[in-house]
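Below, subunit A partners subunit B and then partners subunit C, in two separate complexes.
Here is the complex of A and B:
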């Protein structure tokens, strides 16, 4: 079961990295725990909404206003998306 | 979740937004950096008068966040599609102006706070003060009409700056009427102002020397027909302060203005003569060629 969970979780993170890379014009390999609004020059407030809309489309979810206004770093994005789609990444 | 602390309302607003909506965490600091102490004092007075209790301020802050985030979502799509979603005036009225819960909890508090937190909105208010209100003061104006009161921000501003003036507002939204009356009363001007729940397209409005109409045109299917009604109500020698929002895909904006020249052409087509102009941008373009929200304000005769 652990191996399956890791595969699923890894896929979620991979999809998140792909989405973020597309929005911020980076390579997926550049996206990681250190990635945040403070480290990405293009990450302004409208780009944040572009990111949120892209994540919603990718995962078929609707994020709340508070989530939309708070997902300003990669670890938080992974945690919230995983929670919303039920993979439970800690 | 951080709740207001009992310090100034402006500090509480900033703290609440930073804790609950981090994307807006620096919006108060940026306002202060741009406009300084006069802005802070004016904003503080508005918050303290309109949202004195912590729970009222929290609700207003959440309303602002929802209002702004909704617009930002629409802005992202607008940058891609370059059109507003097709919507009739009747649909917008039903969806927005007559939805009392939405108007009261989100739209009106959000709009009121945006007059201070969005630089182009605040610059437009300062243009109103320095160009239009100043002219009214010199002329010893005694009466004005505002068509489309919104939150009542501009009527209240006039009543505040001209102690002897009296005014009438025409408004189609019951929630907007109530909010405007509440703001005017909270500032102590209720005896000099009344709001009529009336669409000026249905029944003639009174004639006036001084007319105010802020960000109504983009809500209409036929702005020129509306402008002709305004022009007909302007007494000989009268002046009007008329504005429009451009490239601003709010939920209830149905007429897309891309350039201020389009507004100017409509004002002239309706018979107005342009005297003074202000155009303000919300922010620099995010990339070359991308549309930027604008406000365009005119003093016309």
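Here is the complex of A and C:
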């Protein structure tokens, strides 16, 4: 019954897509390079806030104000998160 | 792989969504679960009772929404939440409250209301600070009264949360008008103001966050970037507290606590260890037991009945309660004691019958897991506490949230005395007498009057708690009653009953609404403690008197069936009203007021109190 399947641990992009799917009411498969604040209707400042705390919780990190401000589309999110946790290395 | 699954499935249930969330309670899942519950509510396929809620706020509190949705769903409720602007004003209220909300929350941060009382406090002349503080509390009070004037919603006002860091440093605390002391004083002032408005209460967010830790509750980055200062920990606690506040308006879930003795009220076994050998005191192993005793005596003072169910010799138990110097509880604190070697479940059922409290309103506390499981199985309605393991996180009975009420009335404080008087009455009744002889022997005196402000808390409590002898089961909160008592076309009558054994307190009320020459009995109820005393006759007779005096010629009584009120289905027939209308199970009767009043039996004396009458 879960609308969103759980990604395999360690698949950073998969985990980001899961979080984004939950926050923006999308399916993970819909999320890709084109997914941004401009293309997702629900991506307002409130959902931005939820996105940030959800990502922090998922990856066990604390993002800075600058990092938070740069999370405006999927590629940037992947870049910021990968940077913080060490690219692809799990 | 369900990657392309739709966002939500209209066939799922709220319970399934909650189970899915609880399996991995992350923020992302919470957001999604809340949205799916909202979706079910929109589709009309959920079983949650829908309430409208308006939040008057000056900061980004929307993240609370998902937390509220989840906690409300656990309580069988759904809150449709609307928000004010970030600078709420009285002008905004008409539009904001247009849809007749059930709950209005005022969540106003001091930081966003007044920089002069927060970050810029040190710029003030000390003498000016008090006036500034008073002005801020007055602004909130104006909003509270503005809400009250526009709707009957229950109002919850958040108090001010103390800051983590203070500009004045250590000297701040030494200053009576420093940042911390001013906020504390404002919180006291806020309570004094808010309590004057019916149906309004303060939610102590400051105490809530202090208990959890101010640092953990504050999201500095959220505050900087989005004016959203509450951390996930704060949001979760606040949602729980908000629901608890909402439920408390309906009175406590538990009316009677039944406790075990050995290893619960004291450490050790009195029958083996003796009075000097048991552990009970303010230090050492007896401390935990004495703490429990203090909690129980305070529940008794709040109107929760206490009872003992213990496998012991009764003389041993009485000796501890009477003679142990460290025992807080005394025999008089208990409404019933069943100390014997019988089955505990049977004893609890007997206590329920003796006190006339349903087992669904009882809790049982025991240290023995076997007894707990046994009682839970035999009496599934009884709320069982395996003490002390079940009390999380603080170890206090308050963790259970079973005893909440927003006001404590005089009846609450006297309740144990009343329960005990009731047990004495039962002894009298057991002596051979006809029912009428018994009623005459009681020397019943009913005092009746029209409700003024001081009566409304208890009247509200009666409408919310009375199930059996309640003709229409209409629940009213303080705000609704205040509106009714101001309505010249309506009257609220209360009834106070006493007999030679003592007072029962205010045990009945009636509400009549007049429409030209017809007066309709909107509410007629009598507490189950005084069934069979004809108190209802006194109420109906009074409603007839008031309606006649106001010019009505017909008094209409109605019966709206509920699961519990079958015993009064034919009440108006018995009094002598004539049936006029049957709409399914709901029925109406008429009494011709031009022919007189129904009257009362001669074994009950009636005193009409004119104080508090609004004429």
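Rule of thumb we're sticking to: the second predicted complex is superposed on the first by the 77 of 90 C-alpha atoms of A that agree within 3 Å, B and C clash if a C-alpha of one lies under 4 Å from a C-alpha of the other, contacts with A are read in each partner's own complex, and residues count from 1 in each chain.
We adopt the following convention: contacts are C-beta pairs under 8 Å (C-beta built on N, C-alpha and C of every residue); 3 or more make two chains touch, one makes a residue touch a chain.
Since we're looking at a predicted model, the values are computed, not measured.
Q: Once chain A of both complexes is superposed, is A:65 in touch with subunit B (first), subunit C (second), both, or neither?
A: both
Q: Considering only the touch criterion stated at the top, classify A:44 as touching first (subunit B), second (subunit C), both, or neither.
A: In the superposition, A:44 touches subunit B alone.
Q: Which of the two, subunit B or subunit C, is in touch with more residues of subunit A?
A: C
Q: For A:53, is the partner it touches subunit B (first), subunit C (second), both, or none of the two (neither)?
A: In the superposed model, A:53 contacts both subunit B and subunit C.
Q: Considering only the touch criterion stated at the top, classify A:25 as touching first (subunit B), second (subunit C), both, or neither.
A: second
Q: Overlap of the subunit B and subunit C footprints on subunit A, residue-wise?
A: On subunit A, the residues that contact subunit B in one structure and subunit C in the other are 45-46, 48-50, 53, 65, 68-69.
Q: State the interface residues of subunit C toward subunit A in the complex, per the touch definition above.
A: 1-9, 12, 16, 20, 24, 26-29, 31-32, 35-36, 60, 62-63, 66, 221-222, 224-226, 228, 232
Q: Which bits of subunit B are touching subunit A when the two form their complex?
A: Against subunit A, subunit B makes touches at 20-24, 62, 65-66, 69, 72-73, 75-77, 79, 286.
Q: Give every residue of subunit A touching subunit B within the complex, in rising order.
A: 44-50, 52-53, 65-66, 68-70, 72
Q: Considering the complex alone, what residue numbers of subunit A touch subunit C?
A: Going by the criterion above, the answer is residues 1-6, 18-19, 22-23, 25-29, 45-46, 48-50, 53-54, 57-58, 63, 65, 68-69.
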